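What follows is a set of structures to go through.
Across the two complexes that follow, subunit A remains constant while its partner is subunit B and subsequently subunit C.
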Partner chain A sequence: MSDAAAPSAPSSPVHRMFSLGRIAALAGNTLRDLIRQKVFYFMLVFALILIGASLVLVSLSFQGEIQTLKDVGLGAISVFTMLLAVLSSAMLLPKDIEDRTLYTILAKPVTRFEYLLGKLSGVIAMLATATVLMTACFCGVLLLWQGRAIDNIEMNYPVDMKAESVAAATASPDSTAPQTRRELEIQKLESETFNGSLFGAIAILLLRAAVCAAVTLMVSCFATSWLFTVVAAFMMILIGHIVPIARDAWQAQAGMGGELAIHIKLLLMGITVFCPDMQLFNLVDDIAVGKIIPMEVFMQTTALGFGYLAIYVFVGYLFFAWREL
Partner chain B sequence: MHDSDGFCDKSAHRNGKNANNGRYGRYGRYGNYVFPIILIIPLPPIKRCTLRRTPSNFTHDIPPVSRKIPSHQNPVSSTPAISIQSLTKEFKSPSLFQRGSITAVKNLSLNVEAGSVYGLLGPNGSGKSTTMKIVLGLVAPTSGRTFIFGRDSRDVDSREAVGFLPENPYFYKFLTGEETLHFYGKLCGLRGNKLKNRSKELLELVGLTDAAHRRVGGYSKGMLQRIGLAQALVQEPRLLVLDEPTAGVDPVGSRDIRDLILELKQRGITVMLCSHLLGQVQEICDRIGIMHRGELVREGALDELISIENQTEFVLENATPELLKELRVKVEASGARVVGQHKPQQNLERYFLDVTNDPKK
Partner chain C sequence: MKGRIVGVLVLLVWGIVKLPIETGMTRARNADRFHGFAQTASLREQAGQAGVIAVFGGLRSTVADLLWIRAHIAWQSVEWGRMKYLFDVVTALQPQRVNFWDMAAWHMAWNASVAAERDETVPEFQRLKNKEDYHKLGEDFLLRGISANPDSWELYDRLGGLYRDKFQDHYKAHLAYKEAALRPDRLEYVDRFAVYELADSPGHEKEAYEQLLALYNRGKQEWLPTLLKKLQLMEIKLGVPPEQRVYIPPESRHSADK
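And then the complex of A and B:
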């Protein structure tokens, strides 16, 4: 460091180190940039076609119809949100560096943390848009199927006005009159098709995609190429899917034969922090078979997702802050 | 700037003013003047002057865009716009198998006075861009410090006073020109009508009003430079840092950018630029620094650095051979020596602009 005296600085208003306005500007710009790209529409249309095609797949499946519909629909939302998250986040930073757009942004009074947070917020906004569109299409498919299923129930339990009036007169809670059974069937069908858990699970899928985006953005903060970022991010996400299975297997083995070795425990802990535990976000399988997910589980999963987001943004910022541009 | 004999101080041109009408010379330093003969005599004069006739048809040299750049209340301040103190930057070898480092900038110290136009010159790899990036806080120095109007340039708030145009910039190609300026304006805290008006003014200033609603992806190279310049000016900065501002731009666009820089200087905005177009640097810069292999090898006022102190240049019009012969005899009799005698040429830029000049503009 030079010991020369610094020139005197004129007084000026205090600069805010963290501005929601700047983050919103960056997020809005990122969202606009992403949704104007053809690849976004291509992937979205592909996902919507897949969700729509589940109506045809229903007749080919050996599973229950509603289970097949939910499997395909939620599976499509899950896969495409994750793909969109990784592919759109991976190019943000390298492209800005390559085009020198990053220089023009950081030469303004914008901190690197604001830049990263703004970019991530933009990607999450894009993912939310895509999720809302896919969910709307999915709900449309479910409604269509539900309408057909209700028609079938009504055909199986035709309306008999006389019996209905008798049933109403002798109203008992355990009544199994044909009309009441029909209503029960319809109610059961409706509750199986749409419930709070379904939309909760979709929100968790969005959160998982946001975590994938944060992982990708973190990798791009030290990576030197777009390809490396994509490959590394997918590897981390893949490991995040596989490691919980391996952990369960090891723990089951230890439960039978003794204590889990300390180095394996440390390794598992390290990997769980380094790679997000994707199985914890997987509520779709339970939803597909008609289980109701308790609110507690939703809250815990949401907290975990935000925890991962905070970790990856912070680590990404550390890499980015040290990076020579 | 003129004296009664028609002598003209060339610094008037470098200051951006034509001696005749106070506007900016469209065709470079010598405008539309006619130079039949130049005599270069190695005398020990104090001042180097050019004898010339002022043109009568200079009215078309008005810059093509309207000028609505706000002037600063106190444009010239005693605090240097940029102060670089003992700056050194070493880059570590990117290879895992090779140790060592590359020194991009070595012990560099310089000041850029507020309100001046400073040219940082040097061959490729001499450390100019690294120096600029350090000044803008994009790269951390290994040692030394840099200040912008007295604020440490590592502090984000120092950048409130700075506009930057990098070399060959590309912007978000899915945004229109207007949206691009809105984006950069929002980053600088501008909102609402103020932002809209500012964007409109800047689009007009850089001549992109007609392309305001076109996507930047369809802009030509010159248009990209112009929108780049507009984004650099969006928050009304006191300092502009320009890296090759006319790279890849055609002569007309290049002239417009040069005129704009001179206009900004008149408004009290400090400009620091890197350029390989030395002719243009000579026209607009007050001071220059020449870097070579990371070191500042020359620095000073342009006049002082490039003047040949023991030579004087006369440009005569309608001089007869007899007069020239007489002059030569007198010069040689006085002990001085005529180094050269030749007919001046108009520069290629002027010729090109004459040929491509659109009378509708």
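And then the complex of A and C:
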């Protein structure tokens, strides 16, 4: 350190209204807080046990083994991400108010919008961590089952049993085409077990959980109690599953025996307009029965999910911005 | 208060904006899911299924799998009534699993009906009635399965088999196989079965003969013993002049026609 360089006058940094750095700091703190909570581990362990238990279920079931495995595994991921999303988001604001952390944070140059976005980002990071862990466990279970199934195929199909499509396979220049019945069966099994749609559907489950978290955070911005937030958010999410039916009935006004009463129309309209259509995020049912989801569907669902996230965060901010603290 | 009002207004505007988007996405997805075939489940049934999805969330498929295993146990202990109840719950929980509908129908129409027919603890007329009731239960499972999975060729195929083997209604069987033949990914035998069943339907001989001929004209790969036999019998029945009859290899000819 030389004295030659005169210390420069402390420059006052320009305060920006929106800073990703501040949001990242808030998200990091939220993630750390959430991960420290025992309920997170409890639910995660329960989910992992359920996914592992699917192997036992498969051995007891008498048909559709791969479907049962996927049903249980994806079902567990779906339920626990949603539960984690609602329960963890519901207590963020009340806890910060109770601990008075909120006042300390908002006393600094942090806008309420940044605060909400930071909190939601933390919850989403926690959900992503939980989803990755559950997916890893699920893939392990699938791999284990696939190994057993391949052993069975090798036992049932002799090496020299030719595939029915061998003539076509040898005629085609594709050297990866299966030459024996055994190879054909193994290839079929592998494509049924792991495919792009499976991971795409898990990503959509994470997005759905993020939407649930955003809904909960929005409700907690005007709610006065933790319990009210949880109940209201769950109700909104549950009703979200019947949005397509409500929309059809409202739009068509048919199938229920003629013209609908005005109060029923208003109810259907309210459900359709104010609740998120959760059925659009339900791709795992199709995956479990072995359907392949087109890329276009994933793209549309992702765009819709981000639309919901943006709107709910913005509305949450509007509720929060005018709230007396 | 001002914030709340503005917030609700934003939600309202978003709700109106998203309405056509979500309607379009749902329609496109249903069209893709059912390969363009319309779902015929009533609004009440659809609402019930959506309610179950909402209540159980992702766990409903797990619950369905567990109850499916219990149904298997009920089968082993020959509890038909309990099986029917469990199948009803399982299919309500997971209506998209075609094999649930298929197996439920098979257990009712084949296994339970035979058990009812052989049950010597009840009078004969009651046995017959019970047998027919189980056939109808099997039919009901298949029809409900079809309404939830309108693109499933398997369920139409099983329905055709049920009408043919249990109801001895060949025309209904023909219609079911014909529907199966329209579905994607079906196995080709359903095309043949549709024609065979029409050939066995009284009053449809001419139409059946034309379809049998169309099948015959597809080439030698279609000259299966059943087709040749039905074609021959139909020619005799319709009194087709010998010079207009199709060529049938001597080894496949009906004994009366050799």
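Everything that follows uses one rule, which is that the second predicted complex is superposed on the first by the 264 of 325 C-alpha atoms of A that agree within 3 Å, B and C clash if a C-alpha of one lies under 4 Å from a C-alpha of the other, contacts with A are read in each partner's own complex, and residues count from 1 in each chain.
Here is the rule we go by: contacts are C-beta pairs under 8 Å (C-beta built on N, C-alpha and C of every residue); 3 or more make two chains touch, one makes a residue touch a chain.
Predicted, not measured: the structure shown is a model, and the values here were computed from it.
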item	value
Touched partner set for A:82, first subunit B, second subunit C, both or neither	second
Which partner reaches more residues of subunit A (counting touched residues only), subunit B or subunit C	C
Partner chain in contact with A:242 - subunit B first, subunit C second, else both or neither	second
Subunit B versus subunit C as contact partner of A:207, first or second or both or neither	neither
Which of subunit B and subunit C A:93 touches, first, second, both or neither	neither
Which superposed partner A:233 touches (first subunit B, second subunit C, both, neither)	neither
Which of subunit B and subunit C A:325 touches, first, second, both or neither	first
Contact residues common to both interfaces of subunit A (with subunit B and with subunit C)	none
In the complex with subunit A, residue positions of subunit C that touch it	1-4, 6-7, 10-12, 14-16, 18-19, 21-23, 25-26, 29, 32-33, 42-43, 46-47, 50-51, 53-55, 57-62, 64-66, 68-69, 72, 94, 96-99, 103
Subunit B to subunit A touching residues, read off their complex	77, 79-80, 83, 85-86, 91, 133, 136-140, 143-145, 147, 149-152, 155-157, 159-160, 162-172, 174-175, 179, 183-184, 186-189, 191, 228, 231-232, 235, 241
Residues on subunit A engaged by subunit C in the complex (per definition of touch)	50, 57, 60-64, 67-68, 71-72, 74-79, 82, 222, 238-245, 247-249, 251, 255-256, 272-274, 277-280, 282, 284-286, 288-289, 291, 294, 297, 300-301, 304, 307, 311, 314-316, 318-323
Interfacial residue positions of subunit A with respect to subunit B in the complex	1-2, 4, 6-10, 12, 14-15, 17, 19, 21-22, 24-26, 29, 32-33, 36-37, 99-101, 103-111, 324-325
